[in-house]
Amino acid sequence: MKSKTGKKLLSLLAITGLSVTLLGACASDVPPAANIDTKSATEDAAETTGTESSKVIKFGVIAPLTGAHAEYGQGFDAATQIAAEEINAAGGVNGYTIELECQDSAADAKTSSDIFTRYGEDDSIMAVIGDFTSSCCKANAPLADEYGLVQISPTASDPSYASMNDYCYTVMYNQSTAAPWTAESVVGHYLGKTACAVMYLNTDWGITTNDYLLQGIDKAGIKLLGDESYSENETDFSSVIEKLKATGADCLVILDQGNVPTIINQVRAADWDCQIVSLGPGASDQILELCGENANGLVIPCPSYITEDNPTTSDFYKKFFEKNKCAPTDHALCAYTCVQVLAKALESIDGEITREKIKDALKDVQYDGMAGHTQFNEDGGVNRDLLIIQVVDGTYVIQKEYGYK
Amino acid sequence: MTSAYFISQLMNGLCLGAIYALIALGVAVIIGIVGFATFTQGEVVMMGAYISFYVFLYGGNHVIPGILGSFIATWVLGMIIYKICYARFLDAPEHISLICTIGFSMLLKNIALIFFGADKKPMLNVIKSINYHFGPITVSNVQLLILGTVLILVLILSFVFTKTDWGIRLKAVSQNREAAALIGIDVEKTAMIGNSIGCALAGAAGTLIGIYYQSCYPTMGATLSMKAFTSATLGGLTSVPFAALGGILIGIIENIGIAFSSASFRDMFSFGFLILMLIFKPTGFARKRSVRA
Amino acid sequence: MMEINMIKKYLLKYGTAMLLFLLPLIVSKSIMTVVCSIAGYFIIAGALNSINGYSGQMCFGIAGFYCVGAYTMAILMNTFHISFWIALLPSGIMAAFAGMLVALPTLKLRGMFMAMLTIGFSEVMRMICLNWTSVTGGTMGIKGIKAPLFFGIKTSGASRYYYIYLVTALLFIFCTNRVIHSRIGRAWMAIREDDMAARSLGVSINLYKILNFMYGAFWAGIAGALLAPYKTYIDSSYFTLDEGFNILSMVIIGGQGTLAGPMVGVVIYQLLVEGLRFTGVWRYIGCAVLIIAMMWLRPQGMVGDSDSVLAGNKTVRTGSNLLSNLHWKTPGPIRKLIISVLY
């Protein structure tokens, strides 16, 4: 009996080992072949179009295509593709065509770092765009350093992320400036409130944002009536809302993304007629769609405003809508910006392109696009200005332009 | 922090508990008739909500066709689930069909993600929300509808399973399959009907939950179904009224706990309560011990 | 004849050993990350198998023990600056202690009630780690857990850390093989097959059930403790219920009640998840279909113990050819098993 199981085990180990080696052999064979294929394909394309470009630059995209943040992850995928298509249609960068590979992290730090490792090992990947959540980005940060591979996140706004090492960049505004600004300028000056209640998502992002917001609230002399957190997979907010409502606050600040529409609906269902301010979701059409009349009066500090009517963004809006069947949010625009910024960095590099050179070139990139002016600070973050947008009669209206104090 | 505040928190807990109870009813029916646990229930709830969403989208905001549509569609889904997850494994150990249901729930969730999209779909103004005030308590008509549905379903199901011939035949299958077959009950067909009833209840629950939260999305069932399963376990897995009681208790305990601490601890209250109850009552509230569980 | 067999056996044995030890030199680093995750999952799946497979209990909350082990290691290393090698054993022991805490109330429970209690425990464990910010870092997790030094050699990176996983996995196989062929292991299997009979023959069921939970939890804790320095960063999202269900699926796909079962399950599951990655969102559908198909074709798992009650002694219901070669439960071996516990 013993020898039988032993033998079984051994043969299994052997099979495992063999299959892994086989897999390894396959994997190590495949990339060059694939490279040649894509090269020849683009060469063919180049021949037919008559340009000389024949080289491909590959970026890896990590996005939560499934799971709780799937809506934003699929936006990443679509937006980065739009950017790459636009750049390639315009003849590429310095003779290079941009190619993207997108993989799903499900906003799970473990999967995200697995994918990052795979990109790190793949020599054809020159930079990584992603991930959505700050926690995933922070889990990947040591790997970025280890592989010398830039990780440029469209949305990680946790201030401690971008400063983790030289290879970490983010194009999202930094909560260390945005959250206090929201407290002082939006709640204090614009709305003229002297007291407010706060509810925030109990994640890495939510906690840091809440900390900065409280600093701002303190500084502006606003009275904090309640500060409540809730876990990520919450569906019923009635008890938290009841708790904050009982404090008698007439202004509620929500720090969240995907749950904001649900919370607004439940606030209104609880008969709480308060002013709602939300930092995080951006001017998303989802809120208008899901809340209907309940959204009226909602104030959102937002780095950009994308609509079909706005002449600068309508093109992007249409392309995005065609690809993803829903309206883009600021997050998607940031993903788009990431690709554009990387392209700008490539432009400034002469000679052979390496991961190291991209890292250095990103420091000096200046890009003016739909998301305003993008330039990285020392940490690798950006200082973006915010608009104050309010929902009036079911549509977003820009109430204060950039630079409101 | 007055008594009015606690009463309204209690009311919130009752309403949340009613939602857990609504799903737990279906779970208890399935375990009570088929004899196997299911982890697909949350996804059936989600499917029910999506089907009624499309009914409302193309047929206008009428509650009855929405509930009927999802009831019928999830009934059929229940037949499919039965064929895939239970039919072959009626005599096998329960972990086999359980893993099948885990697999099937993964399948449904991801199919929904691909075909319905990841974004939340609005279910606005299906029922115009009206709030009623009774002293310190505020209740909306949707909450009353859900509470009423739970109460009526508990009464109907209890009556059917204990008083009618047909209901007793359904119950007999899970309690002793061989004996049931001997007295001429078609075991396979009965188990399939049982599973379909459970799934259809979940589908109708999905519609109500969608209306209550005014939206539906692919992951909406996941957390709710875990709570519903906890409720059914508290109620002894097979008993319909006790499953509903379990759901309402969990809702109330969660909300009272949150009133004293933070919403981040929500799951700690419900699962902590489950663990405590199981230590003192190893088979839940129900006195009788079911055969398979 | 004998000699050829012996040579074959040795060739197989040492060839496999050589292959396993030289693996990082042969394959690329990105393959090694897959191998490392296979090895890590093998330990935890094996741990779950020793609870569910050998003593037939229903533990659905293995992620809880995994969580305890990982956090113990991370806290010992980062807060108390204790070396990895010293902290490894306490991590396992801590998880085993948690196992005992779970085992005590579950003694009276059966089937789904036990499954729900372990699920509840797993979530409560995760909630504690998520909310006890001062100790566990809360949602921030614990960052910067350094890979250990082995006589001055850094073990960071998949190709080097692989050896730690490999040695632990081999140790796990060795220990478990010893345990299940001892009196304890036979007692576990006797409880699984027929606890009434085992009890009536004088097997102290409660003691062995607690031991069983502690043993499984110990190795789950070790698996968690190995995970922390490998990932350098842990937070509670590693230990969700879904993760527990994944591990359970691996064990059941591979087959319960044998040492090889979880290994096969883990390899199949991981290769499938990795192999289907290119299909994007469709890969979970592939996984789901595989799980269901596996249950249809081989309910006892790929290399599960076909003689045990876990295989479903009457799994074959109506005219399926594929299943007709299943083994049927015979009372003989079980009687022998119980007798062997006693004498």
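For clarity, chains are labelled A, B and C in written order, and residue numbers in each chain start from 1.
Criterion: contacts are C-beta pairs under 8 Å (C-beta built on N, C-alpha and C of every residue); 3 or more make two chains touch, one makes a residue touch a chain.
The structure displayed is predicted, hence computed values, not measured ones.
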Request  = Check every other chain and keep only those touching both chain B and chain C; list them.
outcome  = A
Message = With contacts counted as defined, which of the two, A-B or A-C, has more C-beta pairs across the interface?
response = A-C
Query = Which chain has its C-alpha centroid at the greatest distance from the C-alpha centroid of chain B?
reply = A
Rounded Å distance, chain B centre to chain C centre (Cα mean) = 32
Message = For chain A versus chain C, what separation do you get between their C-alpha means, in angstrom?
response = 36
Ask   = Going by the touch rule set out above, which residues of chain A reach two or more other chains?
value = 66, 202, 231
Ask   = Where does chain C touch two or more other chains at once, residue-wise?
value = 130-131, 281, 284
Inquiry  = Which positions in chain B are in touch with at least two other chains?
reply    = 110, 113, 262, 264, 267
Ask   = Can you list the chain C residues touching chain B in their complex?
value = 52, 58, 105, 108-113, 115-117, 119-121, 123-124, 127-128, 130-131, 241, 245, 248-249, 252, 281-282, 284-285, 287-292, 295-296, 299, 309-310, 312, 314-315, 317, 320
Remark   = The chain A residues in contact with chain B across the complex are 66-68, 70-71, 73-74, 202, 228-231, 233-240, 242-243, 246, 258, 261-262, 265-266, 269-271, 286, 289-292, 325-326
Remark   = Note: in the complex, chain B contacts chain A through residues 1, 5, 8-9, 12-13, 15-16, 19, 110, 113, 117-120, 122, 124-125, 129, 131, 138, 140, 213-215, 218-220, 222-224, 254-255, 258-259, 262-264, 266-267
Note = In the complex, the residues of chain A that touch chain C are 1-2, 5-14, 16-21, 23-25, 27-28, 65-66, 102-104, 108-110, 113-114, 117-118, 120-122, 135, 138-139, 142, 146, 202-204, 206-207, 231
Query = Where on chain B does chain C make contact in their complex?
reply = 31, 37, 39, 84-85, 87-97, 99-100, 102-104, 106-107, 109-111, 113-114, 226, 229-230, 233, 237, 262, 264-265, 267-268, 271-272, 274-275, 278-279, 282-284, 292-293
